[in-house]
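I'd like to ask some things about the structure below.
Each chain gets a letter, A, B and C, in the order it is written, and its residues are counted from 1.
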Amino acid sequence: MKKNKALVAPFVLWAVLFIVVPLVMVVWYGVTVEQTPAYTEIADDNGQIVFRLEDGTVTPERPQKTTVVSLENFKRMLEPTYLKLLLRSLKIALITTVICLLLGYPVALILSGRDFKRPGLWLMLIILPMWMNFLLRTYSWMSILENTGILNSWIASLREAIPAFDSWLTSMGVGKKIIFLYNENAVILGMVYNYLSFMIMPIYTVIEKTDHSLLDAAADLGASPVQSFLRVTLPYSLPGVLEGITMVFVPAVTTFVISQLMGGGKVPLIGDIIQNQFGKSSDWHFGSTLSLLVMVVVLAFMGGLQRIDKEEEPRKEVRIL
Amino acid sequence: MKKLRKAYIALIMAFLYAPIVLLILYSFNDSKSRANWGGFTLRWYKELFSDAAIMSALGTTLSIGVLAAVISTILGTVGAIALYQMKRAPRKVLLSVVNLPMLNSEVVTGVSLMLLYAMANIQLGYLTLLLSHVAFCVPYVVLSVMPKLRQLDPNLAEAAQDLGATPMQGFFKVILPDLMPGVFSGFIMALTMSIDDFVVSFFTTGSGVSNLSITIYTMAKRGISPKINALSTLIFACVFVLLVGLNLRDFRKDGRSQNKLNEVKIPY
Amino acid sequence: MKKTAMLLLSLALVLCPLFALAQETISVYNWGDYIEPEVLTLFEQETGIKVIYETFETNEDMYAKIAMGGSSYDVIIPSDYMIQRMIQENLLQKINWENIPNVANIDPRFMNESYDPNSEYSVPYTWGTMGILYNTEMVDEAPTSWNTLMDPTYTMDMLMLNSPRDTLAIALVMTGHDLNSTDPADLEDAKNLLIEQKPMVLAYVVDEVKDKMIAGEAAVALVWSGDATFCMSESDELDYVIPEEGSNIFFDSICIPANARNVSGAEKFIDFLCRGDIAAMNYEYVGYAIPNTAAIDIIGADEYNASPVNNPPQEVLDKCQVFNYLGDETKLYDQIWTEIISEF
């Protein structure tokens, strides 16, 4: 295609400006800190307030903060407090990913089954919730699981109606209201709920494209359905699985809203801490350092995944049939 | 076995839809309580429409969505073509760069853009919001168009020119139509990502400009009114109609038709 | 014909902004949902000055915008510690009180506070405290002390604030220290107290506290008085108290940034806000306690003082402290807070 190279330059410019430069800024903020020189306020001979610096010089102007290059935020980041947080975030993200995989893979498998009628309809139903605002969906789970929420009020009515049920629950040590929220499990539930569809779609795409004649051939050669699955479907679905894992794991590591709402502030994740730095804690530098840490971890994870999947073709095509 | 499969799918569906059904149900609840039913009412819908903040946020979300989708589709298509023509080595580099916003967590993307605007001394507002949305949408468009480019018959453009077309005519009349499914799906992708975005918008907007997600987040700070349920019900209805429309042609049949719509990629 | 029409149209378009410029404007930056809209309309009617009104959600957001220098406002309404910071960083200008006669309406108890010792840069707009909001149906007796928050009776029935500064401040008070302390030993005590409390806490929330208390999700909660007022208006079961050991008192005050463009307009606006009838009207909408004695007279002292939020006993008020700007020490609080909530 004899296209003019004129297209290349503007695009590269845009990419540099909006992708590279911002990241460079994050790096810059990450390796710098703002410091105010230590000083004390004293009154001079005229009764005016002046400022004495550490080295003894006295100045009428209050010393302002300066930006200096420093790796102290990196040191701070590696302290147990924050590392533990990162590990916990990774753990929860991994659990979420695994659960999504275990729940989602069968869905993709079933939907792409040859004798499954109208997969398009069901696929659409699976995608639909994703188009609804994720905040709203998270809030709706809260309405269900709160102490004063729907589930608890149903259980309460049931207990009133069926004394036997009530006494059984009490004997098991269950109090008046069951606390479903404000713990790690609630956060995982919230994440699985929000990201499940992201796992199902790529896997479905890939399985659906698998040449069914391969499965026929395997059956002809005497393979049982299980064997066909393990030897044909599973390996072929791997690119989709890897993509699904990526699409769940990456947001799961850095989410902050789900953990605040479902976890009640008791399950802080690295995303929450980063967000705090750009908010109340007002320490953009530390926030940037933490962001870099997260970025490195995620890229390392992706790099690891890439080794498993050598395919370059991106799997973003889904047929709506 | 078949029953088991259907049951499993039903279970997953129940899981996905339980909260949504409840949201819809309680949007008609004549009581602020989230657990008790107080009677049927449409007042939350009335309140919703008279809530200027929500309506304005809705407007912003839609306008940003469409604008960002259009701009990033154009930019992304240009980018895909540019990438296609590069030599292998620089292409790999540029492709990785373009991929970065997708791989990076949204927090990092949002924060990095915020720092960019701070350094350039640009006030946070509609413009920065738009620029940021374009920034994270373009990669999706590029990745939608690239495969289509690879499928192109390289001789088409030359053939067109041999027959007397100028390069521009050749592009618009021959090449672009072939790229269309990729371009279209990129557009839909961009639209979806933009409309539902929370994190990047959170960090890059200001001056009172806010999209739906941010408005919901701040509204919830003052107490979750059933107005929000009404809002979600409406969004659900719209999206439902939209997706049904997109699929209408196909799913009346058995499901594996060879329709052109097959090639439309659904965003996820 | 077409050409003439186009010419006229373009002329009109060019002239329109000029008309807009002709009208005097001021740019106001305030908390979200923090002013009665009617106040702005009345101001515009009385003075002919148009108000360009913007809102922010946190002091830090506001600070970031002002410090970056990109935006210029004429009137801003930050909180105490942020005002202290902005004074230190030369971001505010001194107010010429001669142009603001209505400052006489402000209760002298609330002037010359530690963040602006000679009241040179700010005039208070609202004030509030931190205290315990409790559900009268769910507690055995009304709380009077911070120790209620350590009472095992309320295990998994109490809500704390997900805010490093505020919650640590209360912990410092509970361990007998100054709530502005940056002494690591003091903070260690506070930290240990909060860690001890943690298993009893249902959740650490910020704004969700209102929703949850109104619904009856918990029996007691650490809250800001403004939120308490809202909750009490929505539920008869709720009541508020400032514990006897003392607490934090905060102010949101009106200032003029150093780079304000319309200082005289700003002064007129501030004077307007300090007017008794205007402040009273504002109070009805915003709900936070106001420092304006003339307004309180208009509202009616009995009605105003009926709320525990507005009229705490003077002895308790005396034990309440304003937050200082901690400067570089802020990260100390942040780190300790992270350690507390990460404990698992």
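We adopt the following convention: a contact is a pair of C-beta atoms (placed from the backbone, for glycine too) under 8 Å apart; a residue touches a chain by one contact, two chains touch by 3 or more.
Remember, predicted model here, so these are calculated numbers, not experimental data.
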item: Chain occupying the most central position, where position means C-alpha average; value: A
item: More contacts between chains, A-C or B-C; value: A-C
item: Inter-chain centre distance, subunit A versus subunit B - centres from mean C-alpha coordinates, in Å; value: 18
item: Gap in Å, rounded to a whole number, between the CA centres of subunit C and subunit B; value: 37
item: Interchain centroid distance [CA atoms averaged], subunit A/subunit C, Å; value: 33
item: Residues within subunit C bordering two or more other chains; value: 61, 208, 215
item: For subunit B, residues that touch 2 or more chains besides their own; value: 33-34, 220, 224
item: Shared interface positions of subunit A, touching two or more other chains; value: 146, 148
item: Complex interface listing, subunit B residues touching subunit C; value: 33-34, 118, 121-124, 206-208, 218, 220-224
item: Subunit A-facing residues of subunit B, complex; value: 2, 5, 8-9, 12-13, 15-20, 22-23, 26, 33-36, 75, 78-79, 81-86, 94, 97-98, 100-101, 103-109, 111-116, 119, 131, 134-135, 138, 143-144, 146-147, 152, 154, 157-158, 161, 167, 171, 175, 185, 189, 192, 195-196, 198-199, 203, 212-213, 216-217, 220, 224, 228, 231-232, 235-236, 239-240, 243-244, 246-247, 250-251, 254-257, 261-266, 268
item: Footprint of subunit B on subunit A - complex, ascending; value: 1-5, 7-8, 10-12, 14-15, 18-23, 25-26, 29, 103, 106-107, 110-111, 113, 115-137, 139-141, 143-144, 146, 148-150, 152-153, 193, 196-198, 201-202, 246-247, 250-251, 253-254, 256-257, 271, 274-275, 278, 284, 287-288, 291, 294-295, 298-299, 302, 313-314, 316-321
item: Complex contacts: residues of subunit C adjacent to subunit A; value: 58, 60-61, 63, 88-90, 156, 162-165, 198, 201-205, 208, 212, 215-218, 327-328, 330-331, 334-335, 338-339, 341-342, 344
item: Complex contact set, residues of subunit A against subunit C; value: 34-36, 62, 64, 76, 81-82, 84-85, 88, 146-148, 179, 181-182, 260-261, 264-266, 268, 273, 276-277, 279-283, 286
